[in-house]
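What follows is a set of structures to go through.
Okay, so subunit A shows up in both of these, paired with subunit B first and subunit C after.
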Partner chain A sequence: MQKLGDFKLPQFFNYPPYFTLQPVRDTREKQVQLWKELILDYCRNQKIFVIGIEEEFPLFTNQVIERFLSHEAKETFLSALVSEGRAEWMDKGHKRCLILWHRIQEWADIIMRFVKETGLEDSVMTIEEIRSGIESRGTELHGMDRTILTRALKLLEQKGKAAIFKGSSADDEGVKFSA
Partner chain B sequence: MRKRPGIGGLQTAAAARDQYRLLGENVAKIRTDLMKEQLTTFRSQLEDFARNHKNDIRKNPAFRSQFHEMCAKIGVDPLASNKGFWAELLGIGDFYYELGVQIVDICLATRSLNGGLINLQELCTLLCQRRKAARDFVSEDDCLRAISKLKVLGSGFEVISVGKKKLVRSVPTELNKDHNEILELAQAQGYVTVEEVERRFSWPSGRATDALETLLEEGLAMIDDGHRDCKRRYWFPCVSVSASA
Partner chain C sequence: MAGNWFPIAQLTSSGRPIFQPGEVESNLLSSIDIESEENPNFPVFKSGVLILTTHRIIWIDESKNNNSSSSSSTSSASAISIPLGAVTHIFSPKKSIKSMFASPRIRFQVSVSTAGKVEEKGSRSMVITLVFRGSKSDPDTFVTKFWEAWRARSWEVLSSEKSDSNEKNFGSVESSSGLRMAGVSGILRKEQETWESTDKSLQDAFQDLNALMGKAKEMVMLAEKMRLKLLSGPTGQPSTTDEEMGSKQDMQDWLLSVGIASPVTKESAGALYHQQLSRQLADFVKIPLERAGGMTALIDVYCLFNRARGTELISPEDLLQACAIWAKFDVPVMLRKFDSGVMVIQNKSHSDEEVFARIMALVLKPEALRLGVSASDAAMTLGIAPALAKEHLLTAETKGLLCRDVSAEGFRFYINLFKEIDLNDIHLYVTNPVETVWYVIVHIHRLLKLT
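Up next, the complex of A and B:
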């Protein structure tokens, strides 16, 4: 079994035709399905939040069988994730893609669980603290993407579970949770 | 001597015919009885044999296949009925019905990957993986037997031979001779190119493309345009082991 770092690659990754977009509908559907799962699994495993379609990405090239995904193929697979709500294009040109191996709602739930477990209800934290502070160490929140975090917090704000207030710079944007 | 005419002569002839018939019936009855007796003996012997080697039949696939061969030679089909002695004694019917269900399952699960044509060897491997808990090894022979029982359902399960390999077909696709030859050629590397097919079979251009297009549309082939030489390759998941996981 081939590996990327400590990530186990599925068998189809070594089968060359999976690197060419298939013209027949049923075959293509299966191909897209397999790639979607692989991309999500890999990003979750490696804590990757953003895929740049024009940048090098280990998953999109297989040195062993000398195959790589075309631009069209990458865009097809990522768009399939976007249509399922598991990813979002970050720009109109579809150059960067935000990968949501947890949906925004799920991230919001994780944040609320973290807040309850650490007793941070009614206290104020900066957004940066949630991502890199001592409290979140060892949780999924540690090192998470800022864009996704902000989106999840905004969702919580809409539901009245948090209040975001702007600081003088992006670094000291703060948030207050209410149980 | 001139045959005597008259009613007396006719009566004698009728009596003689009756005698012959009676004799004939007797002989036939004796033969049938003898036959029945032999069959009973034989059946009990076979039952004894099966009973004595019950464990071997269950556990050892090679033994099981030989047992089946023996039964086939003498015209007994232990799988013919799920009731009756064989099933009760060996549970052998259940074994194959179970295999059959699992085979259908695997064929369906991998259909989108291989277009409904799967290598017997691979099917067998997947079957063994799935049956890990059961701890009994399943041979290709067992698979073939289970599949032959599936035919009764008319679901289009069939084993076809392509070159040296046996493939199990679970879709009603009709493969013609051209398709079979291409599949056979593909066994060497797992793929073919149009050029290769034309050169190998001396087909006019168009014939190869047509056949490959059909195989593609049936989901049996996948294209690969990623090779350095830029020649399109047609891969066949059903002949390359471990393409479907």
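Up next, the complex of A and C:
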């Protein structure tokens, strides 16, 4: 089976029409669905949070059959993810796309579970600590995208489960969790 | 019954008269009645199309002809003919105050058999009146042309030529006894001879301009004779070699393009131009359609049709109009417009399903599963023009049978696997036979490439 890094590619990755945006509606719907699944799978597996539409992205090129996605196709597939709430455009020009293989709410739940498991309730952490600290090592939170993390924390704050403190710089923003 | 009074005229399936060899139409009129004032039992011939040819007057019952439900049995009685050879006298039209208000009438005398049926050299005679009901018809022009045709006596030239050629051909290409020993090569040799004599005729003709008029008719006869000979020649020759088959094919190609001896023209048909053109076209496209598998691009038909017409070319606009009128007649062909705008002529019986089945067979071949098919691949397999093949492929794509692959290698079509892939299980080996076949082929190919 073909692999991209340690990611196992599905069989249809070598099916040339998979890389051409299909004009017939039913066919395209199925094609878009397959691409959405594959993008989410790949990003989850490779811990990729942002796809730059103009930058090289391994999944959008198949060297074996010499096919690659057109700009229009990339935008179509990512837009489909956006409309489902599984991605967000980071700019108006649709150049960078934030991939949410966990929705913000799911990330918030993961953070709370982490806080409970490590007994960090009522203690203060910096946001940077959550992303790269010793405590989060080995969890999904380790190395996660700062934008997504901030968004998840804000969601928790709205629900009264966390309080964010502004620090002197972006690096030392702090957060206090409450059970 | 009409058949008791006049010889029946044979019509094609789209309602055009079948002409005799050398017969050319010279005038078409609509809304013509035929009457015979001296016969009280004379049947009703009302408001038909009248075609004056060099040999006959043909009258077609339009009401029966246009009726799409009419079977062959009734349509056989819907056209009658009066051989010009039976015409014994044409009366000059009466000019009177009364005639200015009534419909124009033209009278002529024909010879009839003792039973009362119109025929050449009949023992009795009958006066027939043509009544011009249509407001647009021009009786004076008709009378002039009628006189011309009657005086030219071209039907006699034909019958004498016929007996001539029968004598000359005895024992060579197609003797009446059925002794066809020479086959296609014989016909070709005969061709050569004909051409040589044609060449001589040409030289003669140019020596004497006065003789040219007479020779011109001979030329037409020669061409027509060649046609007939070639048509009837090769049948019943089982021992033809490949080479002969090839030349036979060539011959028939020429024949096809020699085509139309009496093209419908604006001059001859007048107001009936498009209608008659439409019928003639319907008859004409039958053979090209059959060869092209039931569908031909309109552009191809335009070229073939004009080539067959020779000098009396028609405009694309005329062709389109003629095709558009088909919807009103009971003809076996139709005009079809693809989504892309490409227009084709196809048999009404033509089915897309059959084409799809052939396309599916094509894309399921191992080579096509791996590399897809292009329009030209499909054109070669289906035996049709690439533009048409592409239309078929696109239609099959719209139906969800195929999907496209656009790359540096071009525009190719693959069997549609998208619907076969299970969304819940995209990483597992599939159990669907079509997809499995595809994977197996692709993997074998990769293994071969690696070794």
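The criterion applied here is as follows: the second predicted complex is superposed on the first by the 179 of 179 C-alpha atoms of A that agree within 3 Å, B and C clash if a C-alpha of one lies under 4 Å from a C-alpha of the other, contacts with A are read in each partner's own complex, and residues count from 1 in each chain.
FYI, a residue touches a chain if its C-beta (ideal position, glycine included) is under 8 Å from a C-beta of that chain, and two chains touch if they have at least 3 such contacts.
Computed from a prediction, not measured in an experiment: that's the story for all the values here.
Enquirer: In the superposed model on subunit A, is it clash or fit for subunit B and subunit C?
Expert: clash
Enquirer: Determine, under the contact definition given at the top, whether A:114 touches first (subunit B), second (subunit C), both, or neither.
Expert: neither
Enquirer: Could you look at A:177 and tell me whether it touches subunit B, subunit C, both or neither (first, second, both, neither)?
Expert: The answer is neither, since A:177 touches no partner chain.
Enquirer: As a test of reading the superposition: which chain, subunit B or subunit C, is in touch with more residues of subunit A?
Expert: Here the partner covering more residues of subunit A is C.
Enquirer: Classify the contacts of A:37 with the two partner chains as first (subunit B alone), second (subunit C alone), both, or neither.
Expert: second
Enquirer: Between subunit B (first) and subunit C (second), which, if any, makes contact with A:60: first, second, both or neither?
Expert: Touch partners of A:60: none, neither subunit B nor subunit C.
Enquirer: Does subunit B (first) or subunit C (second) touch A:8, or do both, or does neither?
Expert: A:8 contacts subunit C only, not subunit B.
Enquirer: So, A:16: does it touch subunit B (first), subunit C (second), both, or neither?
Expert: both
Enquirer: Stretches 110-118, 146-154 or 164-172 of subunit B: which one clashes with subunit C?
Expert: In the superposed model, subunit B runs into subunit C at 110-118.
Enquirer: Residue overlap on subunit A between the subunit B contact set and the subunit C contact set?
Expert: Touching subunit B in the first complex and subunit C in the second, residues 10-12, 15-17, 19-20, 22-24, 26-27, 30, 66-67 of subunit A appear in both lists.
Enquirer: For the complex, which residues does subunit B have touching subunit A?
Expert: Residue positions touching the partner: 112-113, 115, 191, 216-217, 219, 222-228, 233, 235, 237, 240, 242-245.
Enquirer: Subunit C touches which residues of subunit A in the complex?
Expert: Per the stated touch rule, the residues are 8, 10-12, 14-17, 19-20, 22-24, 26-27, 30-31, 33-34, 37-38, 64, 66-67.
Enquirer: Which positions of subunit A touch subunit B when the two form their complex?
Expert: 10-12, 15-20, 22-24, 26-27, 29-30, 66-68
Enquirer: Using the touch rule from the top, collect the residues of subunit C that touch subunit A in their complex.
Expert: So the residues of subunit C touching subunit A come out as 372, 397-398, 400, 403-408, 412, 414, 416-419, 421, 423, 426-427, 429-430, 435, 438-439, 442, 446.
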